[in-house]
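Some structures are shown below for you to check.
Two complexes come next, and they have one chain in common, subunit A, joined by subunit B in the first and subunit C in the second.
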Partner chain A sequence: MTSLLLALKVVATTPEYGAIAAVVGGDQVKVTTLAKPTEDPHFVDAKPSHIVALSRADVLIEGGADLEVGWLPPLVEGARNAKINAGGPGHVRASEGIQLLDVPVALDRSLGDLHAAGNPHFMMDPVNAKIVANHVCDVFCKLDSGSCPAYQKNRDALDAKLTAKLDEWGKALAPFKGKPIVTYHPTWRYFAARFGLVSEVYLEPKPGIPPSPPHLAEVMQKMTEQKIGVVLVEPFQSRKTAEAVAQRTGAAVVDVCQFPGGLPGTDGDYVALLDADVKTIVTALAAAK
Partner chain B sequence: MEILTLWLWPLLALIMLPALLVYFGLHVVERGIIFVDLALAQIAALGVCVAVALGAHPGHDALPWVLSLTFTLLGAGLFAWTRFRHPRVPQESIIGIIYVVSAAAATLVLSHTAEGDEALKNLLVGNVLLVTKGEVLRTFGLFVGIAVVHVLLRKRFLMLSFDEEAARRKGISIRTWDFLFYATFGLTVTSFVQITGVYLVFSYLIVPAVCGALLSARIRTRLAIGWVVALFAGISGLVLSVKLESADLPTGPTIVCCFGVALIACAVIMRLKKGSDPISAPREPRDA
Partner chain C sequence: MHRSFLVVPAAIACAIPLRALAQDAPVPTPTPEPKPITVASGAAGKNYLNLSLDGLIAVGASTEPDVPGLETGGHDPAQRGFTVQNVEVVFDGAVDPYFRGQANVVLQVDPDGKTNVELEEAYAITTSLPKGLQVKAGQYLTEFGRINPTHPHSWDFVDQPLVSGRMFGGDGLRSVGARVSWLMPTPFYSELMVSAQNARGETATSFGGVGGDVMFGRPLDPDDVKSMGDLLYVPRYDASFDIGDTQTVVVGASAALGPNGTGASADTSIYGIDALWKWKSARADKGFPFVKVQGEAMSRRYEAAATPLLPAATFDDHGGYLQAVWGIKPMWTLGARYDRVGGDVGDDPLDPAFLPRERASLEGTWYPTEYSKLRLQYAYDDRTGLKDAHSVWLQFEFLLGAHAAHKF
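For the complex of A and B:
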């Protein structure tokens, strides 16, 4: 075990990257996560500790698909740390090499806070988590070649675990293939694509825009027509809106989260989070049948 | 010393910029229009929202800046024009109405655009930790310009706030001078809001002025006391939030609480002073 002084100091923007980095890095790294799991990742309030952590970091892991564009750049600028700037040796762009969904054909701000690069919630597909673990491992190896074999071993173990779990989650969700779900924000697109659900109805009229009465009426009509029985909502989204819609259509509100720690018992554990999400969604879909 | 590297520009911002706010605070407290700063900031925000709705992007295009300036001047005109003497409608109620209507209008304007909340949040919830060198220097330049105007014309501006009757007797055009007052005040507030957020602007305006008023009847003394209070609260708030790493306090609210402590200290000093010598004679009652 490396002493704590020699450990790589890793900063992750959101908790799922922090969880992956902690698994790959093991004892050799010290991970700090900026956003709380119950906080909207589009808006994070800057605190002194964020800038301090960034100024001392060896590695920064960010999504890279504009999710953190509203708050991360000024923090990084304030931290004055060349190692973690874009292009620096310790900068990890998680989205690299990932096929993003919902890439806008023409960029038009009037369509909502559409991210130019595409939908940034790609970590909800566990296959993408494997790709991110790879990026993280590569950067750790470059910065700390002595511990590289350990990093690779950890990554391979995570990879194998995710492969086994993918099979398990796939089987659990298989009976619901083609089932439509309603979500607050297009967060569950990748999850739905991986496990054969249909996520095309959102409580937000456009990403980032609060629900308006006419839009909710349209959503409720779609829910009745398509017999949609579940509405997924995350800790930082308006549960009240979801409840109002669910109550009028006889659907169930289901508490899920895209971040480890956002559901009880999932703190710092990506696999446990997916386990909890899959279990909750399976239960809700089965009850709604 | 991290405070001089990582936190150099926030520190300089808190040293260089509040002096002008404290000065305006004397006027605002004396006129009894405590919430006018929030209203002006909200009107400026509405201007930016309109620009965003028209497709401009704050930070890249000139339109948001132009419209925020235009709306600030419109707001200044509105406040100058509504300084009437009506026995049953205090000006503070007009200010409140302007505030809430422009806030609601901003929500309406933004309900169909992309960065809805984001744009509004950036305008009204600046974070002093993230201030850049460029922002501090630009704002300081603007503040020096405004300060020069107010130093040159101080007699008129003070008469307008502290002795309206005298101004009327002298035949000074109150509307014109009020417009100039609100225009310079609006520029100051809207640029400071973007650096520190609404809470801090409010604290910087009101608390030092109130501390000064508690301890002295003379305007110069009040200004000096206000500056000391502002420097104390700003610097101690920043240092506390940065140094108490285990507590990890957000900077803005820490500074606001330091202002609270400063006000309590001033109240205690006033009590002690009162024991030995009664402060000045009671001031003339303000006309209703």
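For the complex of A and C:
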């Protein structure tokens, strides 16, 4: 048990990194998360209070795949904290070592808001969460070697838990292997890839471009043809659009979230979030069968 | 069956060009032990330099034929019909582990069709000084208030506030110099900074200004720098508080103190206060909905030196604006602004640049994406001694290149 004064101060850009850091760090760290779990992570306000948090941080965990490109750079510059600058001892680039999907062949914004590094929603695959937990543990150990055994123990426990859960989630979703789903944005690509679903139809015509009537008509046609029975929607996305599409195709709207805290009972808990997501998706797919 | 097979990959090819297609649906085996590999991480890591180009073009009309007399900003609409307000090329990137560098080069086409080039900013800023310190040096927009340090494309209206034109001229207060800032160790955001810059030229109109120009009816003949006292000093303090999870307040106070061009030992002091309140929904989609209210007030004391014909005199004037912008739903905003300037007119009672005036503006903006916008603005101008004016402007913006990051 370390006193709060000695604890490593950790800032996570989005809540799933915060949740992983809290588990790995245990009592030895104090975690602050910048983005709210219910808001669009592409458009977070670069509030001065975030600069204060970053200026005092020992560790910054960012995705490193451009998701935060619209708001993190001025915060880091304002924080003027060498520890968390790129290359600093406390800088964690979560996506390091993760094979990202959807890497664009060319950077062309007529194709929507592409991320140069690839699809940044990689934490929806729990195997990637293990990689991130590893990165976080390594940095915590470097900065606070005294507590390293504790960090490693926590990481190993999380790893084991995720292994067991992956088995459980995989079994729950196994009956739906190859089933297509509709999502608002390509947020669920990694989740689908991990659990054998097919996520290739989006309410957005192109990433970051709002749904248009002709595109939605095309989506509805695909839903009928491919018998797609579920439309996933996140707290900040337009439920009205999803409902309109679902109503006309007989599909169900399913409330899911990519961030702990975005669904009731998942605050600060990555495993609880995945549990909730898997459970609602399984229920909806079973009902849609 | 055949059809859907064709249609789906085509639609996906737009959004997800590469790897996804090559990948088979993976087997949900529990733990293939992940092997960390090094994967290149995007444009930010691939380029030494981020490059972007932002174009801002306006079209519209006013009942006042003399548009430059109405619009005080160098990047405001300049005539009836079309105006290229601002085409800004931005270079930025890490210089080395100690500095970040940025340059904003602005191109502008004047009503005669001539292209003007301005080096608006070119500075380096430290990234890793201890104790919350940060130093910026080069040519930069002076951090006075909220509007002055920002570029036209980030404004909520087509034109700059009247008070900016009155106090800082058409191109804002900017000059070559250095600024030290201290992020104070308070529980809330609290920053203190002091800037020292050259006080001469067309981007320091309240100070040295340009030889031959006139301020308050007094001709200017700025001096060269002879001592530290001949520089412009700009201290600023700002603080910010969050109210709950969805509201943020920023308050600030600035001063600009320096010599002016009316003669030896003639000084100008400008004081300003500013405030911003913003509410943003906890379930914001693309940052909407939100409401923000922003205001600034400034007062200027201009000590004019005696001339062979006129005695020494002190002129006091003031101004400010209050604006509210409502982000109704994703990519749509509505805004209103009230502008007012007044105070001493000076020794040339006919110079319209120093007459009291008021203005009310309404705007509506649609952002097709965060890289483009279309804005319609109406303004009613009430100018002392001059005819009232009604103006309507349509503004278009496009942004190419590196993703702009938005300061609060």
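To be clear about the criterion, the second predicted complex is superposed on the first by the 289 of 289 C-alpha atoms of A that agree within 3 Å, B and C clash if a C-alpha of one lies under 4 Å from a C-alpha of the other, contacts with A are read in each partner's own complex, and residues count from 1 in each chain.
The rule is simple: a residue touches a chain if its C-beta (ideal position, glycine included) is under 8 Å from a C-beta of that chain, and two chains touch if they have at least 3 such contacts.
Being a predicted model, the structure only gives us computed values, none of them experimental.
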Clash or fit, subunit B versus subunit C on superposed subunit A: clash
First (subunit B), second (subunit C), both or neither touched by A:Thr163: second
Subunit B versus subunit C as contact partner of A:Gly70, first or second or both or neither: both
Partner chain(s) touched by A:His42 [first = subunit B, second = subunit C, both, neither]: both
Contacts of A:Leu173 with subunit B and subunit C, given as first, second, both or neither: second
Which superposed partner A:Ile209 touches (first subunit B, second subunit C, both, neither): both
First, second, both or neither for A:Arg80, with subunit B first and subunit C second: both
Broader residue contact with subunit A after superposition on the shared chain, subunit B or subunit C: C
First, second, both or neither for A:Phe236, with subunit B first and subunit C second: second
Single subunit C stretch clashing with subunit B - from 95-103, 185-193, 221-229 or 257-265: 185-193
Touching both subunit C and subunit B, counted on subunit A across the two superposed complexes: 42-43, 45-49, 51-52, 55, 70, 74, 77-80, 109, 111-113, 206, 208-210
Residues of subunit A that touch subunit B when the two form their complex: 42-43, 45-49, 51-52, 55, 70, 74-75, 77-80, 109-114, 206, 208-210, 212
Subunit A to subunit C touching residues, read off their complex: 36, 38-40, 42-43, 45-49, 51-52, 55, 64-66, 69-74, 77-82, 85-88, 93, 95-107, 109, 111-113, 115-119, 127-128, 130-131, 134, 163, 166-167, 169-170, 173-174, 177-178, 186, 189, 193-196, 198, 200-202, 206-210, 218, 222, 225-226, 235-238
Complex interface listing, subunit B residues touching subunit A: 2, 5-7, 55, 57, 111-118, 121, 127, 129-130, 132, 241-242, 245, 248-251
Residues of subunit C touching subunit A in the complex: 1, 3-4, 7-8, 11-12, 14-20, 23, 25-32, 34, 36-46, 94, 97, 100, 125-130, 132-134, 183, 187-189, 191, 238, 240-242, 245, 248, 250, 278, 280-287, 330-331, 369-371, 403-408
